[in-house]
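Read from first to last, the chains carry the letters A, B, C and D; within each, the first residue is number 1.
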Amino acid sequence: MTHSVELTDIRKTFPGVVANDDVSLSVNKGEVHVILGENGAGKSTLMNILYGLYQPDGGTIRIDGEEKEFESPQDAINEGIGMIHQHFKLVGPMTITENIILGSEPKKSLGMSVDMETARREVKELSERYGFDINPEDAVEDVSVGVRQRVEILRALYRGADILILDEPTAVLTPDEIESLFVVFDELIEQGKTIIFITHKLDEVMSVADDISVLRDGKRITTIPAEEATNNRLAELMVGDEVLLELDRDPHPKGEELLRVDDLQIEGDDATLVDDVTLSVREGEVLGIAGVDGNGQTVLSDAIAGLIELDDGSVTFDGEDATEWGRNRLNDAGLSYIPPDRQEQGLVMNFDHGENVILGEQHTFPIGRRMRDDELAEEIVAEYDVKTSGVETSVKSLSGGNQQKLLVGRELERDPKLVIASNPTRGLDVGSIEFIHEQLLSARRNDRGVLLISSKLDELQQLSDRIAVIYEGEIIDTVDPETVTERELGLLMAGQELVTEETDSVSNENTLQAKRIEDENK
Amino acid sequence: LGGSNGSDDTDSSGGNGSDGATNVAIVYPVAGLGDQGFSDNAQEGLMQAEEELGISHSAGEPDSNSEYADFHNQFASSQDPDYDLIIGLTFDQVTPIETVSADFADQNWTLIDAAVEGRDNVSNISFTEHQGSYLAGTLAAHIATEGFESETVSASGEGVVGFVGGARNPVIERFEAGYEAGVEDFDESIEFRSAYAGEFNAPDQGQSIAESMYSEGADVVYHAAGGTGIGMFEAAQQAGRPAIGVDTDQSQTASDYSDVIVASMTKRMDSAVFTTIENVVNGDYDGSSDVQLGLADGAHELVYGQEIGSAVSDSAQEAVTTTREQIIDGEISIPETVDE
Amino acid sequence: MVDASGRERLLISLGSFVLALVAGALLLLVSGAFASCESPVFGLGGLQFCYNPIEVYSVMLNGAVGSPYSLGLTLRETTLLILAGVAVAVTFQAGIFNIGTQGQFIFGGLAGAAVVHYTADLLPANVVGGGGLFALGMMAAALIGALYGALPGILLAYYDANEVITTIMLNFIATAVAFTIVRSFLREGAAVQTTLIPDYATPPAIIFPSASSFSILILVPTLLIAVGAHYLLNNSPLGYNIRVSGEQPTAAEYSGVDSKQVIVRTFTLSGVIGGLAGGVFVFMVLGYWQPSVPQVGFDGITVSVLAANNPLGVIPAAALFGILQSGSVALDLQLGVPRQLAGVLRGIIILFVAMPEFMRMIGRRLGLGESSATSAVTGTEANDD
Amino acid sequence: MNLTRIENTTLTRRRIGLLALAIVAVVALLVSPYRDGITSIVNVGFFNTALVLSVPITLAGIGGLYSEKSGVINIGIEGFLIAGAFTSVLVTGATAGSLGADNAVWLGLLAAVVVGSVGALVFGVVCIRYKADQVIAGLAVWFIFLGLAPFLSRVYWGNINSPTVATFNQVAIPILSDIPWIGRLLFTNYPTTYIMLIVVPVAWYVLKHTSFGMWVRASGEHPESLDTAGINVNRVRYVSIMISGALSGIGGAALTLSTVGQFIGQGQTIVGGDGFIGIVAYLMGNYNPLGTFAAALLFAGLDALQLRLQQIGLDIAPELFGAVPYVAVIIVLVLFGYTRIPANAGENYESGDD
């Protein structure tokens, strides 16, 4: 059998890290090959080598049986390889069309200028063929992440890619969007294309994979056909150990009301970002907020944490009106905040551990005291199992998971009454996720309140006592995680009221999509 | 241009200090050498002194006004060589010399083109620019009424004259005042335009100003702007109109522009520099002297351009000649300031 | 701005200086072949070389520190550069590219001179009155510097006006406005300059000759300002906030920092120091104010860059540029080598400082600091997003 | 994401604002007692002066714009202007004797372009290959040329200011130059002015309608996207930087060879900050070559106006009037918002960085 892609003994080291340790991997033509692995296992590195972005230190690449050397993406593109990267590679201010044709622009006027007419037409045709609903004239920065993901795919298809690499394309998509992406997969496979698909979500793996390869610590552990895989087996292969997928969440008595938000309203420039939100969190309670990214959760959490001024409504914290307090006073009163973006917001990358652990507390320091706390840093490093070469190294040298542990440690070590955790496990590996979940639950056990904002349904279901669903800035329902199904949550997140299906005859897009999910699931 | 650098000689002069050779230091104005007029002319006087009197010399070329005092200090406190005379030029050096000369009572200074009062170790030489400029005004007025025609330039007598100033200071205003009086005394109705570039080394600004004057119909433009004035000549070339130079016979010193320079109002910086050095060499230096050089001393003259000067009408030439005599005889009173 | 550990920074700055001297020597050799001189220092083939780099550098050094007078000049320059450098450094630490120190320098100086103009007659003409005059003048310089410094801060914080543009504009405006103010209100006599500051209000020259217009009584507080700025940055919430804002504005906001306030405060602080530099210039150096002032504010940028924006590092960096500056005059007068050489050297030093990668490469080639250089590389590259 | 929306409205607001400002200024001048004088000085000669003065600003600005659009902030264009101004005079002066003035000026211009491009290439290597901090390296470029040009002037000519050398003559384009006004302005001018008049639309067209232009924009906004599209980011950046050097070289030559043919080395040199004004021009023009030209014309026009107002007696404080353009810039910035800097300008790009 000829392999579409055959990698042999690929080796790549970065200073201090062996990212790919003699990895060999064969991908069959016309199949979906899934690559699994913990954060940092070397998946992206391997694919970047296949795409010509990185030069391997050793090993060979064969495409359709022929040995190739890729010195730049151009070489890979010429061999029919297209790649959708883990992080979008799109130019925000340029239009969708411009982004798609970038690097292979159709020409006119004797090759002097770009033929935008043709380009637009081609993009339109291509997107229609795959059922993508996009407007080629929109600037990329104005469209949703879902649309951007499609633009990325179109970009690869526009160049006529036969081998499509998708590096975690679903991390930012809604269940609906993921579903339609898989429909596209089917179509591409039908056309004889080959797909290499990287994801962390095990259920996705089960639904699309033909073969599954697992990488761990830069090595390929195994490749198995999808039929032989189960969630447990895959998880075990990834971490190399039996993992507990179910967390222990004992029922816990709820205490006093810690946080109360009434009729909170935040207006954006041309839209209401948070609309009349009312919620409350009590001692020993985890309130989950579910919602697709971009529905106002960041604004909401920033507002509660005291970073954004409210346009209307009030916030009561620990029995006091805290509407006007601002971040510092709320922090002093015992409200911690684990922000969604650790590298931009939560930590200062060029500061060392000792300086980072006082971030948010700095206003409590008297003039004259050194602006750092190495003792606290040591403590967090020890307690939260942060792998570091020392508290006086800058935190940018830490891996993402360890950065997050330091951040979570800092916010929890303040012994807050309530902690807001916004996507605290985004982009982390299974082990780190588990650890952080455990910390949040232990806060709950200690009668702390937790406001957990997440786009991961399983996380919310495992940790929350109640789940509020936010859609377009509104809390449209609050449900019990024990009884609600994932499907119901998915519907709510897509803006659907939970009504009996027969009576709902409104045939808008969302219902249709929801039905299709239902059908697929059968 | 000779690339001769005044300071090259310093080394050899070190030993000469004791055997009587005269050491002179000069501090040039910020605008610097290369203006094809004022500073270059002063340097010529220095060179002449070197040749004829065998003096040694050093030069300071400050970058900004705030460095003047440093250079004067540096020269005054220098032991090797011990300067017999420090020459300062222009109005901008009044305060620096005033301050530094108070600390070095034994050091002799000469300030040219401005005056430090009340020091007996600073002699002053200044000029009567208003007198010379009055002559330039007389010539300009003639050109503005009669018109002017040469092979290279022509003015039709639109009745407009212009003046380009460097930075605004009393000396430059003397130029302007005398020039304007010369024009107006001849014919009240002549339109007089004047603008200052603000600097003495901004030929591009000078060009821009003169360009606008010529395009407004100016028949002739005169400058007192040092290097900035070179721009005026360029504008004159572009416009094909005559211009009047200053400080030296610029049809020779700025020979690229001799085809537009109808005349120049000279101001003998070179002889001022030479004379003061000569006085020191001869032991005649008088630290309290305050000399003003004028038309009668030959310090100013209106010299016609080498190339097109001959096209100046006889009547104009005569008028200039008689006016000159009248000024020397004190028959014409000329303002030294412009009323703002 | 440039990523590296403290020790490595020091090595880079030193290395840049040495390389700049080498590059300068080459420039001297090449240009010396084109210059005309009566007695070339040496000939090679048909070429005659007018400049001997070794001699040039030794004359420069000697000219800068060789006599009490010249050492005074150097220290005077250093004093101004420390103030300007610290003024720039605090804003650079906050990630603000502030070019406005020159404007604050101009207005600070003018304010000091204006105080003398209006109050000299009201105070006794003795040491006491002089001290009062000096104190009032410096206070005015600091105040005006603060106000003129706060302006671009407010424009940036509340109107999103790019600080690079506004500060460049404000420098031009300061020059023009100051000129007009002096011409219209503070002029005494025909020259566009302010009243002379009476001797009794000028900081006394001790140790160094008065001709060098330098007073150690000014240098000491200046050093304290640099140390104080360093202390403030590392030992106060404001300093921490300035640094966080410079590193990561979003993190600053997350941690409850009012970034607008920090911007304005940083600019104000910088303005105070820039204004003081102007005051020192007027009281200690020139003795009056006139429109053509040296580019101390711009020099402050180079000093701060060489010092990696560390206020303590500013002190040696200022001393180095002070030596270059004052040594260059001797160069000109004694050897006839154009003193603009100092400006070239300054530019080359900054160029090398700007590229630590290159300096590390040189370091590795020379086998110097092998371990520290490579570890630094690892540290910076491993997580370079 | 939201910035775009704000940006778009800001832009239109800014245009309207600028227009309003200009109208107010003109009306104010026209109703003032100096009306007659003003209408007499704002004539074709005025516009011509403004046009000629705008040449170095525009060229440097467009050069800086290309460099910054591609991701390399070139704050050193002031230095490249100085290099161009100095080189053009040096080469013209040195060759006029043997080649004749007409050839020598063109050779001077060419030399300025070469020195500008080579200097920019070195700057590019420093920034790209050696990952220098671009702003600091740009400052260094300025300082180096600010020192080097006067240094070499003194070595070569013995004076900090050069002697005068041959200059460009204005060239009248047959027939077209007879059109009233336009003919004088656009068709009777210096070669460098013509070059600018060609560069402005071409630079605009290239940036907007060609592949290279797209690459330049992508390179400064999001280099990875360009890299993964198979285009070598650093090559695009090198070319853009060299464009900035070459254009600044021409701008510098225009300062000298289209005026008096003299290099002034004193103070800020003859360039006197035009490079910085060029930066301000492209920021005000929001990285659009046409806008850059308009902003440069505004600066040059106010400068030209200042020199003329003096002549009609409006001479209360010429220095203060000279500051009007700078105040105007601040007012415009404050009232009409900020400029959006390319997202990756100032960042180094190394293929493979994730």
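Just so we're on the same page, contacts are C-beta pairs under 8 Å (C-beta built on N, C-alpha and C of every residue); 3 or more make two chains touch, one makes a residue touch a chain.
Protein identities per chain, from UniProt: A = ABC transporter ATP-binding protein; C, D = ABC transporter permease.
Note that this is a predicted model, so its numbers are computed, not measured.
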| item | value |
| --- | --- |
| Chain pair showing more contacts of the two, C-D and A-C | C-D |
| Geometric centre distance via CA averages, chain B-chain A, whole Å | 77 |
| Approximate Å spacing (C-alpha centroids) for the pair chain C (ABC transporter permease), chain D (ABC transporter permease) | 28 |
| Centre distance in Å when chain A and chain C (ABC transporter permease) are each reduced to the mean of their C-alpha atoms | 47 |
| Centre-of-Cα separation between chain D (ABC transporter permease) and chain B, whole angstrom | 35 |
| Sites on chain C (ABC transporter permease) at which at least two other chains make contact | 35-36, 385 |
| Touching two or more other chains - residue numbers and ranges from chain B | 3-5, 30, 61, 63-64 |
| Full enumeration of touching chain pairs | A-C, A-D, B-C, B-D, C-D |
| Touching residues on chain C (ABC transporter permease), where the partner in the complex is chain D (ABC transporter permease) | 1-2, 27, 31-32, 34-36, 97, 155, 159-162, 164-166, 168-170, 172-173, 175-177, 179-180, 183-184, 301-302, 305, 338, 340-348, 350-351, 353-358, 361, 384-385 |
| In the complex with chain A, residue positions of chain C (ABC transporter permease) that touch it | 3, 234-237, 239-241, 243-244, 247-248, 250-251, 253-257, 377-379, 381-383, 385 |
| Chain C (ABC transporter permease) to chain B touching residues, read off their complex | 35-39, 69, 73, 190-193, 196, 209-213, 281, 285-288, 290-294, 329, 332-336 |
| Residues of chain A touching chain C (ABC transporter permease) in the complex | 14-17, 306-307, 326-328, 331, 337, 339, 341, 343-351, 355, 358-360, 362-363, 365, 367-371, 393-394, 396-398 |
| Residues on chain D (ABC transporter permease) engaged by chain A in the complex (per definition of touch) | 1-6, 205, 209-211, 214-215, 217-218, 221-222, 224-232, 340, 343, 351-352, 354 |
